[in-house]
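The data blocks that follow each hold one structure.
Two complexes, one shared chain (chain A), two partners (chain B, chain C).
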Partner chain A sequence: MQAMFSAWVQYLPQLLRGVGVTLELTGLSLVVAVVFGFILALSRLSHIRGLNLLATWYVEIIRAIPVLILLFTAYYSLGQLGIVLSAMQAAVVTLGGFYATQYGEIFRGAILSIDRGQTEAAAALGLPSVAIMRRVILPQAFFAILPPATNQLSNLIKDTSLVFTISLADLMYQTYSALSLNFLPMDMLLLAGIIYFIFYLVIAKLLGRWELNVQQSRS
Partner chain B sequence: MHIPILTIPRLYAGVIAQGAVKDLALTVVSTIVSFILGTLGAAGRLYGPWLVKTVIYWYVEIIRGLPAILQLFIIYFGFTQWGIDFSPLTAALIWLVAYGTGYGVEIFRSGIMEVPHGQSEAAAALGLSRRTTMLRIILPQAYAAMLPPLTSFVVLQLKNTTLLYLVGYADIMYQARLGTDATEQPGILYLMAALAYLIMSLAIGRLGYRLERRTAAYR
Partner chain C sequence: MSSKVVVSAKHVTKRFGSQVVFEDVTLDVHKKEVVAIIGPSGAGKSTFIRCVNRLHPFDEGTLEVLGHTLTGGGHSPSREILQDIRTRVGMVFQTFNLFPHLSVLNNIILAPMEVKKIHRQQAARQAMELLALVGLEHKAEMFPRRLSGGEQQRVAICRALAMDPEIMLFDEPTSMLDPELVGEVLAAIRRLAQQGMTMLLVTHEMQFAKEVADTVIIMADHGIVEKGPAAKVLDAPATERARVFLRRILKPTEVAAEAAAPARGRF
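For the complex of A and B:
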């Protein structure tokens, strides 16, 4: 036990350097996923048939393929076509592109859950359709979005660990490089596990509880 | 050595198909075992004594809170520090079952909770024992309610098998990577791997949808 703690103290700084990369990657991917996800949701709800079909196919296909294969495709295969991405760029494109499908479905469901009468009433009052979306639908949909969106955020942080396979120096990468040098795999993996678990608890539990409070105080 | 791109599908289709069969077999076996353990776990979480409830609660949180790779590495690499060596296949099975059970408990728990309370009250009023109520009244309805999340869970497990190449299990990913090293043609090989997963995921989704329609009568 004592040996484990001293190994933890010794290797914590190295692992924390990886945490910075993990958080940066999570933040960038989240922005891409939310923006692109919103576009996907609107496309799937639109009446323009080509756009609708394109978005539907994108969501169905991307969700059926493992993230790791998407990552290797972005990092290795695109290079063959002359599009050379850095490890960070490939990771953001992959995680952003994959989680856009998850966020897109959340947004779509939330928008659909708003009563049609709201849109009709706003249209009867003469509001243009952009204003209907921005002023009437989205403010109401927002609080339905929060809980599943938080859930996906904790999935996103966990999935950033995949990028160690393309040598992006995140928490998992630092853990793996530490354990392959010091031959203390369990100690290193448990330390990394504690760090990941803290993120999970903060996001899933604290944020989740706060959202519940907000929702209850509004209803 | 440069191998013409069009000969690669012919060269590698066989080994990738073999890898696909291995991945599918692992998915099926681990799903069945997690299905049973998940039911028991959900029963313990709902009806067990305080200690059982707490242990199962934290087990589920840890499985859901840690990245998949980290869990696999703890089993395959971590335990070597304590003198326990698992073969790639054993490590893969232990991980898929441990992971599947964690998610299974949650799926079953919400499935059981979705059955209205009036059902067990009515069964009690008719004089059915608790065992009969559970087996004949609650579980059939719970299983029907669980099918949609269960289908996406099986797809998730299938996609999780992509990680197994990291511990040297000769699945689709392993063959695709081996092929990439030999031919320097990542594009076509990862495309084949993606197609293999796409076909299997869509087939599982289809199967789940059919089962859902069949069991609609139970709801």
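For the complex of A and C:
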């Protein structure tokens, strides 16, 4: 036990360097996923047939493929086509592009879950469709989005660990390089697991509180 | 009635797929006229008034609303025409459809601010005046879910009136209410009728229809079966179909007894 603690103290700084990369990657991927996901959701809800079809196929195909294949495709295969991405760029494109399908479906489901009467009432008042979306539908959909969105965020954080395979120096990469030098896999993996768990706790707590605030402001 | 015609339906037909909702509906509504539409469910009453503000498209015929002509069969009116109609025609729904994420006040001022670009303070002042008329000014800051059905429907009426409409459509405004809450909503509608608002009212409240409506229309079997002054249509209907419908509505216990009678002998 004593030995494990001293190993943790010794290697914590190295792992924390990886934490910075993991957080950066998570943040950037989340932004891409949310923005692109919202576009996908609106496209799938639109009556423009081409747009609708394109978004539907994108979602159905991308979410069926393992993230690791997508990651290798972005990092190695695109290079064959002359599109050279840095490890960070490839990781953000992959995770953002993959989680956009998850967030897109969450957004779409939430928008569809709003009662038709809401759209009708707003339309009957003369509100144009953009205003109906912005002032009536989305504020209500937001409520239904928070719990599943939190879930997907914790999945996203865990999936960032895949980027160690393309040598992006995230938490997993630092853990792996530490344990391959010190031969203390148990100590290092346990420490990394604890750090990932802390991420999860903090996010669950923050979003849980936010959700509660939203709920209370509406009663 | 010789005043201006504000809604004029000519041979309007509406289908959902191959199923006919109503056919060949022809009807004029004059300024300040109160028209009550009654009839059995499934007759297309609600669908018809939803065609007036184009919440539903229709398939054949023409519908003139406040100087704009809507046509059937896939022709969509321009965005400007649609918006002009909808801002000048208010609607109250069976299920209230208040916006649950907005306070009572914000429900009412949303459209005046978004569509008419009225300043918030002015919109709020007008909203409070409307709420005071229905006795709900003390509920302005509350959220809809805290209100009773009758209060929600009165707020919904205020929300529609905040756009200062020329015509009001009521789609079975009291059907979802507990019986003891119906009166307060009818009172609000009655006052509106007395002020000379042009109204199309789908309702099952026969007594109320007789009292406030100038004209009563009975829709059944996919069309208008009877149309005329309220007292005449309700007390002395000319057609057999109207008589059958009215008897079922006004004397349900007798009808039930008759329906049960032939079966009695068998047991």
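The rule is simple: the second predicted complex is superposed on the first by the 209 of 219 C-alpha atoms of A that agree within 3 Å, B and C clash if a C-alpha of one lies under 4 Å from a C-alpha of the other, contacts with A are read in each partner's own complex, and residues count from 1 in each chain.
The definition used in the following text is that a contact is a pair of C-beta atoms (placed from the backbone, for glycine too) under 8 Å apart; a residue touches a chain by one contact, two chains touch by 3 or more.
None of these values were measured; they are calculated from a predicted model.
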Contacts of A:120 with chain B and chain C, given as first, second, both or neither: second
Chain B versus chain C as contact partner of A:128, first or second or both or neither: second
Touched partner set for A:27, first chain B, second chain C, both or neither: neither
First, second, both or neither for A:190, with chain B first and chain C second: first
Chain touching more of chain A, residue-wise (chain B, chain C): B
First (chain B), second (chain C), both or neither touched by A:72: first
Contacts of A:136 with chain B and chain C, given as first, second, both or neither: second
Shared contact residues on chain A - chain B and chain C: none
Complex contacts: residues of chain A adjacent to chain B: 61, 63-70, 72-73, 76-77, 79-81, 154, 158-162, 164-165, 172, 175-176, 179, 183-187, 189-190, 192-193, 196-197, 200-201, 204
Sites on chain C touched by chain A in the complex: 53, 55, 79, 83, 86-87, 89-91, 93, 95, 97-101, 110-111, 114-115, 143, 145-146, 156, 159-160, 163, 169
Of chain A, residues touching chain C in the complex: 115, 117-118, 120-128, 131, 135-136, 139-140, 143, 218-219
Chain A-touching residues of chain B, taken from the complex the two chains share: 61-62, 64-70, 73-74, 77-82, 155, 159-160, 162-163, 166, 173, 176, 180, 185-187, 190-191, 193-194, 197-198, 201-202, 205
